[in-house]
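I have placed the structure first, in the form of structure tokens, so that the comments after it can refer back to it.
Going by the order they are written in, the chains are A, B, C and D; count residues from 1 in each one.
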Amino acid sequence: MALTIGVDVGGTKVAAGVVDDRGTILEQVRRPTPSTDPQQTAEVIAEVVDLLKGKYEQVSAVGLGTAGFVDETRSTVLFAPNLAWRNEPIKQKVEDRVGLPVVVENDGNATAWGEARFGAGRGHDFVVLVTLGTGIGAGIIIGGELYRGRFGIGAEVGHFRVVPDGRRCGCGNRGCWEQYASGNALVHEARELARVSPAMAGRLLELGEGRPEGISGPEVTQAAREGDAAALECFGTVAAWAGQGLADLAAILDPGLFVIGGGLSDAGDLLLDPVRAAFERSLTGRGHRPTPQIRIAELGSAAGIVGAADLARL
Amino acid sequence: MALTIGVDVGGTKVAAGVVDDRGTILEQVRRPTPSTDPQQTAEVIAEVVDLLKGKYEQVSAVGLGTAGFVDETRSTVLFAPNLAWRNEPIKQKVEDRVGLPVVVENDGNATAWGEARFGAGRGHDFVVLVTLGTGIGAGIIIGGELYRGRFGIGAEVGHFRVVPDGRRCGCGNRGCWEQYASGNALVHEARELARVSPAMAGRLLELGEGRPEGISGPEVTQAAREGDAAALECFGTVAAWAGQGLADLAAILDPGLFVIGGGLSDAGDLLLDPVRAAFERSLTGRGHRPTPQIRIAELGSAAGIVGAADLARL
Amino acid sequence: MALTIGVDVGGTKVAAGVVDDRGTILEQVRRPTPSTDPQQTAEVIAEVVDLLKGKYEQVSAVGLGTAGFVDETRSTVLFAPNLAWRNEPIKQKVEDRVGLPVVVENDGNATAWGEARFGAGRGHDFVVLVTLGTGIGAGIIIGGELYRGRFGIGAEVGHFRVVPDGRRCGCGNRGCWEQYASGNALVHEARELARVSPAMAGRLLELGEGRPEGISGPEVTQAAREGDAAALECFGTVAAWAGQGLADLAAILDPGLFVIGGGLSDAGDLLLDPVRAAFERSLTGRGHRPTPQIRIAELGSAAGIVGAADLARL
Amino acid sequence: MALTIGVDVGGTKVAAGVVDDRGTILEQVRRPTPSTDPQQTAEVIAEVVDLLKGKYEQVSAVGLGTAGFVDETRSTVLFAPNLAWRNEPIKQKVEDRVGLPVVVENDGNATAWGEARFGAGRGHDFVVLVTLGTGIGAGIIIGGELYRGRFGIGAEVGHFRVVPDGRRCGCGNRGCWEQYASGNALVHEARELARVSPAMAGRLLELGEGRPEGISGPEVTQAAREGDAAALECFGTVAAWAGQGLADLAAILDPGLFVIGGGLSDAGDLLLDPVRAAFERSLTGRGHRPTPQIRIAELGSAAGIVGAADLARL
């Protein structure tokens, strides 16, 4: 049985796993990312790969899913602010250390591939996965294959503009979708509400130990589950932006299925119901066209590892 | 030499041509569209095809490029408001009349294919063509092939939302890109300027015979060519929206080339320079990524015929 | 009984009347405005005054209500684009010709004064009148007196900005309130709807003889009275902007009463109901403060004459 | 010499002073506000008044400037969320305890009156003061008198809407001016910048001890004084909103002078220059009308005490 290793390289942690050809993770390991020193990150990656390879001799290849722009040859990370990488030849570096073939992929792509092959997207050939977490990551499956674009950097859907002169984004622009529809956007809504209308946000503030800054995603989700009106309003606002954005993507890409992952998707139907409502209200040509499905992701944070590992197999 | 016929079926006219395998139109014919009677439109199409087929015996197939949503089997037009078609089995109807195999394609797709194969997109595999005319049509070429989406209705890029609660669109939504960046948007700008600030719009009003409603695209382009400040401001406004929208599409699709066609593209560099400036100002990750090219289309209104004819050959 | 003459000097007509001290117009006369020649306008004013004075010997003074900025001494029109006046010493000119004392007032102010003294504002000391017509005119009554501001040019409420980077305004800015909440804004909505969604705007187009440009205010009002959904939607949109703007003015000015005049007010409750709803939804501090009333003006186009005449008496 | 006591009752502290008829504070005292218990706040006020009255026998009256809506009889605070007051008969309560006549005034009004009589507004009869601090307070002087409106609650200029569907405001609405042009808005800009673009906000983060939440107004002002580009950009953004809002108020109120106070005004010309630039760019009718002046307040936080004391004297 062919095994490969998938590595999910994020701004705070490096998570790796040995994965079989049915997408099952046999063993997993994680390390904190030494994010300020690009050289050390490669070493941490090599270290976890060596560790896993030592236990599973059949491992034949390594897939890395990393934040940032990956070049079209899947070798070099052009730019990854969270990892302090700039034109980093990460494929070569890791191959030199571990002695296995390495493929590099954007983490949104790896996650999308994992979900498409083994998770919520099984059996679909036209899938857009959006990960609503700190920002918005994404991957696009077209005709059963991962779409990479001309230069390897497609599917940066978190950065199409939804509000002219809107909220500032880390990419240097203003009004990007990820400032309105991500997990961070939910937290932003809840804290803003708690700051300007503390009386309305009583339960949220209680869960946040009295301070707006104490409120994070899990607090908002918990309060929403309890039926707290303020938390539900925050979900409603973010879900409306999410549904509108999916409708925009449907106009452009016409997929058969959207999969929603990331921290925000932990809320399940609390998120999905208003997202679907907004989507159906906003879809151009609604009533005269087939409507794509929208589902919650199934693999959670494992999707990145599983997807990267599977891409190494191809 | 294999010949095919391409037919461009629009809201006001049906234009058809015999096309060879190098994209050359050997002979062309046009008729007004009997747009209120769907049945008659099929007959007009059959009529022009018969006429051309009578002169060129080698014709082996027919490609129709039509406005509206075409289903994934390329047989039926699901919805085309301008043609009064609703679930119209146009492939079957035309085949029954002309005795040749027929393929049906969205007109934006046909035009994109024509430009990609024989016009401004020659030699590129990842091309997005946008037609800035009455509205915005588009077609997407991925890996050298026409992208149709899961249900055959992708590339409706004119209808992603760029302004929340913005200008009303014929699709039923508000704030669609085509309300800000099309040829019609240019006319809208110029007339609004002439209406509220007639003193500033002196030259435009002169060309429009004294009335805001007298100003159309050619008048604005002419005034802009003469250096008229008001006309240039209108171009600047529309070009800024166009460039921003292309940057949004680049974030999602990562093409190697954008081709701009449609009536607005007749202005050439008057349009292209400010579009490029806005695009470069707005592109996410600019400075850390390859930048797609932007060019003006080369085939003009023939692109739809040529593209449809070529798609019939495949 | 003291009589005075009020003259309403607009861009298209000069209307004058002899008015008694109870606000009754005894006789009225009108002439077209020779708007391109500022000198002739003064002569037309003198002519109508002479005519009325010849019939009513008791006339003791003349009040002029004119479009544009009037200086703080109520003598000179600083700027009135519609009348081609620039620093026009209109008080002196008319006094020289007619031999009666003349006072000059902004037309919005004159109209507000007329309504406040003899119309919908009787008995109120803090009144804001807004005239929703071609643009938005206004006058403010504070403590029973007309408010003129430091330089005589207050109450230009049509030009506070309600949409950043919004619709172009004749004042040179973008996003002014009068572009969203005036009679012209209603026509703009209806024509835009007819242009982009002709199917929805069937009745409006019928009344407009088939063309969007054929639709004006009376057509929209008629269709709305018949219950036409498209016309009602246009009213709803404009009324929402009007009500929001009144709420903004209430936050700043805290009046006891708003009076709505101008062509749009002809629609009566069709306008007033959604304006009040939007106002109550938008008023800052609602539920914790007294709420100003909102009424429709009572004097129609006579308010300007009556108000100007009465101001001449003071 | 007639002396009066002015008390500035805010959400966090009660500050009182004995003031002579030239606006000089002879002695001052402050206490924290027991903000959760409305009854205790009246007692703290009585306590500081008693203390000052014990030292200055000539004190003849007390003026209270408080946050919130004050009724038209200047006796009752209708609603003051920060003080937990709702229909609080504060005049009666304090008079009962201190045995002196008491007048109650909105704190923005008291501050405006202080600046108009003894500070930056001396010699002007038409003044609008805006206090850019936590929110935006304001007071309007018309014809040399404090403007209170019909119900005593005018000049809530912080709550006119400048962005449809914009940032949430504590008043329950969205898009209020104070969310964009206050001292808090400056901090919001700086923290947002530090959060999404830490690389650009190096100096700001350094001053904030490494955390976005560590950045407050003084840090942004200090960095801007040092020439830090990020801090200057934040000032530019907020000043543009402030200048636009003043232009909106000028259209409505036509004052001769704007005075800018509050924490944001500590930045002096760093704020004033871009505010003036934005104001002049945005003023309707610019070039055809006298332009109001804009100045920085002179009395700092003492203006509220001085103004309240002087209003008690009238």
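Keep this in mind: a contact is a pair of C-beta atoms (placed from the backbone, for glycine too) under 8 Å apart; a residue touches a chain by one contact, two chains touch by 3 or more.
Just so it is clear, the structure is predicted and the values come from calculations on it, not from any experiment.
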| request: Could you see whether B-C or B-D has the larger number of C-beta contact pairs? | output: B-C
| request: Could you figure out which pair among A-D, A-C or A-B mirrors the C-D interface, over half of its contact pairs being identical by residue number? | output: A-B
| query | Over half shared or under half: which fits the residue numbers at the contact of copies subunit A and subunit B, same or different? | reply | same
| said: Just the number, please: Cα centre separation of subunit B and subunit D in whole Å. | reply: 56
| query | Where the centres are mean C-alpha positions, what is the separation of subunit A from subunit B, in Å? | reply | 34
| For subunit B and subunit C, what's the span in angstrom between their mean Cα positions? | 45
| Set of subunit A residues in contact with two or more other chains | 164, 172
| query | Given the complex with subunit D, which residues does subunit C contribute to the contact? | reply | 69, 78-79, 86, 125-126, 142, 147-157, 159-164, 171-173, 176, 244, 247-249, 251-256, 282, 284-286, 288-290, 292
| request: Enumerate the contact residues on subunit D facing subunit A in the complex. | output: 81, 167-170, 172, 192-193, 196-197, 199, 213
| said: Can you tell me which positions in subunit D touch subunit B when the two form their complex? | reply: 164-165
